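Take a look at the structures below.
The following pair of complexes shares a single chain, subunit A, combined with subunit B in the former and subunit C in the latter.
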Partner chain A sequence: MGVLTNIGLISFVALSAYLLILAGEMSFGQQGFFGVGAYTAGVATAMYGVPLPIAALMAMGAGAAAAFLVGLPTLRLRGLYFAMATLAAAEMLRIVFELIHFQREIDGEPVGPDGTQGFRGIRWVFENGVEREGYLAMVWGLLFVVVILFLIVERSKLGATLRMLGEDPELARMLGIHVERFKLGVVATAGALAALGGALYAHHNTYIEPRNFDIMLGVHSLAYALIGGLGTVFGPLLGVLIDIGALEGSRVFHGYRMIVFGGLVAVLLIFRPRGLLDERVVHWLKRRLA
Partner chain B sequence: MAKAALGLILFFTAFPLLAQKVQGELACRLTKTDFVYDCMIRISRGGQPLPGASVTLGADMPSMPMAHNVKPVKATPGKAPGEYAAKLDLEMPGEWAVKLRLRGPVNDQLILLYEFDEQGAQPVRRGGRLPRK
Partner chain C sequence: MILDLIQNSFDGLAMGASYALLAVGFTLVFGVLRRVNLSYGPAIMFGCYAATWVSFSFHSNIFLLLGIAVLGSVLAGTYVERLCFAPHHKGSAIAAMVASFALWMQFEEVVTLVMPKHLYDFPPMFDAEPLAIGPLSLRAEALVMLACALAICFALHRMLYRSRFGLALRAVTDAPVAAQLAGINVPRVLLLVFLLASAIGGLAGWLIVSTHTQVTPMLGMWSTLKGLLAMMIGGLGSLPGAVIGGLALGVLEAHSQWFLGPQARDLIAYLLLFVLLAWRPRWMTTSHG
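For the complex of A and B:
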């Protein structure tokens, strides 16, 4: 059950990286917004008694705002430069988390972010009697809603615009699309999505610390989209299933998993640069199913 | 009326106990198998041992949350009250956030940060101080 919850939680940040890839941008910094969501929701529930659903919405707002502020200067950059800028922004956010010491005394105990010591006591789930099965259902229910929204968008004009933007931004500009404004919206939405995952992670774990949001999470979230495929929203989910579900869950490569995972990414980037479920496979599957 | 008064008295007598924080600590030693540790967990509430809890032990690497974690195992009651034993099968040495899921007298989750190596497990020190339990 823990593995299933982890698959659900990490899928949010994988989908946020996927959304940016669709718009033609690779971000190594989605873990920063995941962290913003985790801290925002944790502070809201543990320190101020805000119910989790409202805290999750607050986290999404904070994640979107942080991503918007990062996107404002960095979207002028292209390709590798944008990727490096997002990584730098995420590292800056992580250092900010290390510097935050903001606590309140609750029941005689200090509660709140305490720099590198982390943030303990995010106990909304326990205080409200939510069982593990219930929380798993909550995570997967929200993920289901997100996937449905992705499917609706992918079939709409908005989805076509998004893919066109990723393929050829100059053509999109000539067709009258305000590329910068559109991309800024995508960046903010991706930030909100990562932040939602962070809010759910903080309440699942009850403890967060700045190191939870370092580059490893960002690299993995990007890798999931690249392994699973960029042809459909199910691609990043397949990537998460392969890594967390098959490699981590089965423990077949005990201790050597990261080597296998790295090798898998390298092989796929050579032979299937747009992942297992790329546009061609998705088109073929659609024709077969129609 | 009398029952309600008795209920209120019982509630307020029990309240300080309910509000008391549950704490845990860990003592582990490496077994003959690589990365497998025999661990003894001590759970207390308000400084007193907490027996009769159902304890499940898991672990997560803080630098790679969700992707590097060990399968939770159920701890068995130890010899002394408040003591529980479990075998922890880690993927590698290093810093792990050990997750204790408690059921029974309390429904809670404790996170204990420990550094695992050949010697066993030591609490992680950050900024020259030990993290709160």
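For the complex of A and C:
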């Protein structure tokens, strides 16, 4: 049960990294917006009694705003420069989480982010009688909605523009697309998506700490998108499923998980540099199914 | 007050020298391959752990340990190059980088499987008291490190512009296809560059752990992040820039830690990187040197 919920939660970050890759940008910093979402939603429900759905919306807003602010000065950066700028931003956010001491007394107990000590007692789910199964259904339901939205966008003109931006921004510019404005929108959307994952993550774990949002999560989500494949929205989900599901679920590789997974990924990328479900496979599958 | 400032700058330069060494190795690979090797730090960590293991099991002669550290990181570097960079030489930069991240995970797990303790002692370079210059103190290790960083930068520069291998290297960097047509074995040159960078990394790793006299699994991530940071601050792809970037980062960190504490130190380092990237002064965009 926990594994299934985790797969769902991490999928949100993986999808936000995937969205940026489609637009031709590689981000090392999606974990920062995941963290912004987790902290925002946690503060809202645990300290001010806001219901989770509204808190999740607030988290998405905060994530989008943070991503917008990071995106604005870094819009013209590409490749490694953009990756490093997003990494720097995410690390700054993580350190800010370490510096925040913002607590309120609730029922005689201090509640709220306490720097490196973390943020305990995000118990909205528990207090409102949501069963673990119910929460799992909620996470996967939201993920389902996000996937559907992705599928709709990818079939639309918007999706074509997105991929064109990734392939050839100059061509896109010549065709009259406001490349900067469009990219800023993508960055903010990806930030909101990661933040939604963070909000759900905080309420699943009931405890978050700044370390949860370090570079490991960010690079993992990039890796998930790349292993699973860049051809379809199901690619990143497959990546998460392979790592967390197959390897953590089965205890066969206990203690050697990263050795197995790491080697698998490196070898896989030699043969399939755009992942298992890359554009060619997706195209072939579509033709087969049609 | 003035004394504190000077002392901090000394400490910063000492730390900066290790960043500079890490950044030089990074720059060498990035300058030629235009690829980021995230496994650079973890390969160094692998070498340092091998040396630590030898020092516990057999002997702790410092030159033996230096040799093991260099050998270990060269071996690890070869593995990384064969698996992550040679296959993606003409292909995707993202795929190469993610593959190198995957191997990072492997190194970290191998190291913690064989040596599971959180912290291991490492024999110091020598038992010398810090040199006292009036009221200031300067660790001798820092001088060794600084000298090594400058010597390596100088030697690499000479190699690039005075040797046949350097010529081949520059040819491969500037025009890979033309270099291939001129009879240069491009894959071999790329492998050699990688091994050279790994050897420098091994030396840097040994200098760092024998200065700090301890090894932890954090060494891998730390080396990669600090090396990347120093390389970016110094301007991508320039060797003297990497040294200056490393030293500048060290001094900045020492001062901000002294005045504002360790968290502010990291915050300021990342803020500097972010501002530099957004602002992009001329020296950050022009490469080669």
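We adopt the following convention: the second predicted complex is superposed on the first by the 290 of 290 C-alpha atoms of A that agree within 3 Å, B and C clash if a C-alpha of one lies under 4 Å from a C-alpha of the other, contacts with A are read in each partner's own complex, and residues count from 1 in each chain.
The rule we apply is simple: a residue touches a chain if its C-beta (ideal position, glycine included) is under 8 Å from a C-beta of that chain, and two chains touch if they have at least 3 such contacts.
All values reported here derive from a predicted model rather than from experimental measurement.
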Fit-or-clash call for subunit B and subunit C when the two complexes are aligned on subunit A: fit
Contacts of A:F126 with subunit B and subunit C, given as first, second, both or neither: first
First (subunit B), second (subunit C), both or neither touched by A:L200: neither
Angle, in degrees and to the nearest 10, that opens at subunit A between the C-alpha centres of subunit B and subunit C: 90
Touched partner set for A:P273, first subunit B, second subunit C, both or neither: second
Touched partner set for A:D107, first subunit B, second subunit C, both or neither: first
Touched partner set for A:R257, first subunit B, second subunit C, both or neither: both
First (subunit B), second (subunit C), both or neither touched by A:M92: second
Touching partner for A:V43 - first (subunit B), second (subunit C), both, neither: neither
Nearest-approach distance, in Å, of subunit C Cα atoms to those of subunit B in the combined model: 7
Contact residues common to both interfaces of subunit A (with subunit B and with subunit C): 255, 257
In the complex with subunit A, residue positions of subunit C that touch it: 36, 38, 83-84, 87-88, 91-99, 101-106, 108-110, 113, 221, 225, 228, 232, 236, 263, 266-267, 270-271, 273-274, 277-278, 280
Subunit A partner contacts - residues on subunit B that touch it in the complex: 19, 21, 35, 58, 60, 62-69, 71-72, 91-92, 97, 99, 107-109, 111, 113, 126-127, 129, 131-132
Parts of subunit A lying in touch with subunit B, wherever the complex brings them together: 2, 6, 9-10, 107-109, 115-118, 120, 123, 126, 129, 201, 205-207, 209, 211-212, 214, 216-217, 220, 243-244, 248, 251, 254-255, 257
Touching residues on subunit A, where the partner in the complex is subunit C: 21, 26, 73-74, 77, 79-81, 84-85, 88-89, 91-92, 95-96, 98-99, 215, 219, 222-223, 226-227, 255-259, 261-267, 269-270, 273-274
